[in-house]
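Below, chain A partners chain B and then partners chain C, in two separate complexes.
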Partner chain A sequence: MFRYVLKRIVQMILIVLAASVLIFVMVRVTPSDPIASMTKGKRISQETREALVRQYHLDKSQPEQYLIWIKNAIRGDLGDSFEKKQPVTTLIADRLPTTLQIVLMSSILALLLSIPIGVLCAVHMNSAVDRILSSVTLILVASPVFLTGIVLSLIFAMKLRWFPSFGTGKTFVENLRYLFLPSLALAFSMVALIARITRSNMIEQLHSGYAQAAVAKGMPRRTVIWKHCFKNALIPVITVASIQIGTMVVGAVLVENVFALGGIGDVLISSIKSSDYPVVQGITLLLVVLFALINLIVDIVYAWIDPRIRLE
Partner chain B sequence: MAEHSLLSIKDLRVDLMSIRGIVYALDGVNLELGEGLIHGLVGESGCGKSMTARSILRLHDGKRSRMSGEILFEGKNLLSLSEREMQDVRGKQISMIFQDPMNSLNPLYTIGEQISETVRRHEKCGKTAAKARTLQLLGKVGINPPDRRYRQYPFELSGGLQQRVMIAMASACRPKLLIADEPTTALDVTIQAHVLELIHSLSGEMGMSVLLITHNFGIVAEVCDRVSVMYAGRIVETADTRDIFRHPAHPYTKALIESIPKAGTGEEYLPTIPGTPPELFERDPGCPYRDRCPRAGEACKVRPMDERIVTAKELATEQLQGIEAGHTVACWQAAQAR
Partner chain C sequence: MNKDKYSLFGHRPMIKTRRRKEGRLFTVPMVISLVILLTVIFACIFAPLISPYSPTEQNLPDSLALPSMRHLLGADKVGRDLLTRLFYGGRTTLLSAIGVVAFSVVVGVPLGLAAGYYGGIADVVIGRVCDLVLSFPSLLLAFVFVAGFGRSMANAVIALGIVYLPMLIRLVRSLTLIEKNKTYVEAAGSIGYSDARILFFHILPNCVSSIISQITLDLAYAILDLASLSFLGLGVQPPTADWGAMLDEGRNFLLQNPLLALAPGIAIILTVVALNLFSDGLHQYFEPLQRELPSFDKVEKRAGKKKEAVYG
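Then we have the complex of A and B:
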């Protein structure tokens, strides 16, 4: 088990490094002028221009620039924003908690909704319950996040006034209330897929030999469903859920917009527009690290669930 | 034949709802199982052997099947029990092992947990007591050393050991009846004999009846006391094992026995039965075997099967000598056939 986890961690580091090269190259192939971003388009003298180029190491070769960036990044310094003249880490630190909280809350909400729905549909396969729930989740996945966000906000914030319609709270508990609607909107987009995967895998497991054997030895239905089948159906569910949670970090930008929350997505988009290299690189690298961490956690959960992976 | 029967199936019919229509999978099965006996159930694929076995434990999907008839187990009709009552019968009074032991074990739990779970369910005992019982069971079915094996997962065991685990699980609560659905089909030939021997010895030791489903007459000859032959959802012949090999009365049974490969006879061709079994989309009022039967006559088309179940005693008064009592055959031509 220890060796398995160690192997995954080494793998994760290598993937992050490889991704960092890719990020660096891709930012640089976009046709744009970083100096213009720093000066916000104002006319500057040739000397100022050269000074800026030197200050940000833009005169060095690209491999050298990469090495400077990655060395600093490992030390926790992602450089300064061209545009805002602030350290990128400060920019991220201001915005990340909101985004992470939305992602975490919507993941939990999505799992709490989709797994029971999936299991219920599987157990009552092809019944009215199954059909109704499948249709509802399908409608939810078909409607874009910003639309669900607006509709939820209209009903629960404007009309019923149960939740605030925009902004974030000051304390953690207050935040839970502020971020509930945005998280729910984001969660709805995940529910359908996870519920479907849960349903189809549960159906397969419910028809498996060991499920029949468990019934044949007198196990109550609840034990057969939850102890035997659900645990076996879980691995594909976790795989899909983890990918969705990963993409949600980016998807959060939409709800952040609707509910005026100012998360990390906002900054990323605006910095891409203005060729703010350090910010784009810093945030993208952070997203890669988050993705890799989610994957690592998922790999550990796999091993914990399945002895065949643990004892490989 | 036993004085009184442990299990008595009367006119069991199972209809399955399929995409292509209703399948009359079992069409009036009658079967008596004596106490402490190993009763073989033979027939080709799709004839309803497993269907019969699964019906006894009511493992069918209730939404896609309907059952009628009676399955009397120690006098009570299993078909009229509630699902909750049935759960107490399964695994405690009647248990079952399946063809593929790998698929019958949950890959995510240790074999120890899977056996002791059964013990805890039926014996209402604590974890420690259940574990002690499980270790004892593992030793009994020849899985050594029990304490190390207890912590192993199904994928760490060979097919033969997996089937032994299933047998330990099935016999955990000393059931009156063990249903073994092709228990050796998925195993290596060398292992088959060991597993059969284990079932045989447990049956003797615990006075447990066994319904052994197989398509292999060789297995029947080795371990069964009695045997029933199934064809197209019906039982066509039932007799003591020795009797059926000596005096097969039904043309289908005869053909089956003739198609057992015999070593060292120098015969080049293995006799086979021409044709295929009928599809069961319609209720057939006649004998289901008549299309493949060399002796089929007009009578076979119209006469309902049930009238043609002839006991050996009745047959003996005519011209059949040497057939013992308790030999039933569902064939109108059986008398003339000899």
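Then we have the complex of A and C:
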């Protein structure tokens, strides 16, 4: 077990390092003048220009710049924003809680909605219930997150006025109300996929030998479904759900945009538009590391549950 | 699909019905989805013939006109007919989505074939590159790509093409692994055919069915993801429009004319749902074994559950 965990951690570090090189190369590859984006085209004196060049290490070669960036990043310093003249870490720290709360709330909502739907569809396979629920989830997955968000805000915020239509509250509890519609919109896009996986795995389990044996000996329906089959159907569901939580971080960018929430995604997009490279690099690196950590945790939990995986 | 064969309860009759259904490509959902897809495609191709308006010419007196005989769905902020914009936007969206899939097929299929057929170092290198791309959660890589290479539809298309590569490479690789040990490949090799000929004329045709149902699904995802990029302002640049960008413009006028945002949204949903159904239909046609399984109620009945209830 220990060897397996160690191996996965080393793999994770290597892949994150490779990803950091890719991020740096992609962001810096095109020849553009970072000073221009810092000053927004204003004329500056030669001295100021040289000072800025030195401050952001722009006089060094690209590989040296990369090394400086990644060394500082490991120490927890992602450099300063070109535009806002603030450390990138402060920018992130201010906005990360909102994004994380959206991701947390929508993953809980998504699981609460999708697993019962998936099990229900599996048990009543090919019935009217199954068909209707499957079509509803199909439409939900085909609807882009931002459209779901717009429709929800049109109905529940603008017409019915049950929820605020934009902005965030000050505390976690206040945010439960402010972030409910954004989280619901994000959750809807995940429900279909998780429900589908749950359904197909449950069908497989319900048709397995042990389930038939349990039914034949007269075990109550509920026990067969939830205690025996559901447990066995759960592992692939966890895999998909964990990958989905990673993609939710990116989905959060979209709902933050619709509901003007000022989370991390808003900053990312506006920095891309204004060529504020340190911020783009910093946020991207952070998201890649978070994603890798989620995958690592999931893999370790698997290996712990299922010995076949760690012996592979 | 061994499960079918060894299943406890009479799959024999099922096999008969299956044989009857086999070879039916045009099931009800398939016909519906084909009709929707063909309508959308024709409307986009023949947009200049159907619509009397220009998609870009401004007509300020009609600004934000509500639906009427003159403008069937109303007009946008600068008086452009919404339905016309919808047709022309569909052109951009569909063409770019096809571009994304074409890119990932042209690059991904040869790489997947090579990785599967040669194994060894080629396989390891290609596998690692895929891991690297997959270490970015969903659209994040596309964001960074666009940040570095500039905001335009062409870049968005290439970026998404790269994001979709790993899935296709892995699919083709796994199919090739199965095919390469079959007798026909050995025979082709012993006649002295070149590797390229064996890969593209012998192995590839045997993998085509799975690849096709995968790329129709990718096409659906590409439409959604392109819409997301355009919505965030990272895809098409004005005055060109696609459905995502139209949604972005329309959401500012939700209370005046919700159709401005909803119409492109509905267009996206319809097309994506149709593509999903189409892909499902193809998949079922190519792999008929997955089609029919009895529902859990029937399983219970066969296991004698209902009878026992009567006695109890």
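Rule of thumb we're sticking to: the second predicted complex is superposed on the first by the 290 of 312 C-alpha atoms of A that agree within 3 Å, B and C clash if a C-alpha of one lies under 4 Å from a C-alpha of the other, contacts with A are read in each partner's own complex, and residues count from 1 in each chain.
One rule holds in what follows: contacts are C-beta pairs under 8 Å (C-beta built on N, C-alpha and C of every residue); 3 or more make two chains touch, one makes a residue touch a chain.
Computed from a predicted structure; not experimentally measured.
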Quick check for you: in the superposed arrangement, does A:N257 touch first (chain B), second (chain C), both or neither?
second
Which partner chains sit in contact with A:F146 here, chain B, chain C, both or neither? Use first/second/both/neither.
second
Output check: A:A128 vs chain B and chain C. Expected answer is one of first, second, both, neither. What do you get?
neither
Look at A:G218 in the shared chain and tell me whether it touches chain B only, chain C only, both, or neither; answer first, second, both or neither.
both
Applying the touch criterion given at the start, work out whether A:H228 contacts chain B, chain C, both or neither, answering first, second, both or neither.
first
Scan A:V288 for contacts with chain B and chain C and give back first, second, both or neither.
second
Which partner reaches more residues of chain A, chain B or chain C?
C
Touching partner for A:D306 - first (chain B), second (chain C), both, neither
first
Once the structures are superposed on A, label A:L154 by its partner contacts, choosing first (chain B), second (chain C), both or neither.
second
Once the shared chain is lined up, is A:Y210 touching chain B (first), chain C (second), both, or neither of them?
first
Is there a shared patch on chain A that both chain B and chain C touch, and which residues make it up?
208-209, 212, 215-216, 218, 221
For the chain A and chain C complex, residues of the former touching the latter
15-16, 18-19, 22-23, 26-30, 122-127, 138-139, 141-147, 150-151, 154, 158, 203-204, 206-209, 211-212, 215-216, 218, 221, 225, 246-247, 249-251, 253-254, 257-258, 268-269, 271-273, 275, 277, 280, 284, 287-288, 291-292
Applying the document's contact rule, which stretches of chain B touch chain A when the two form their complex?
57, 59, 83, 87-92, 95-96, 98, 100, 103-108, 110, 117-118, 121-122, 153, 155-156, 166, 169-170
So in the complex, the part of chain A that touches chain B is made up of which residues?
208-210, 212-221, 228, 231-232, 305-308, 311
Within their complex, state which residues of chain C touch chain A.
3, 7-9, 131-132, 135-140, 143-151, 220, 224, 227-228, 231-234, 244, 247, 251, 254-255, 258, 261-262, 265, 268-269, 272-273, 276-277, 293-297, 299-300, 303-305, 308
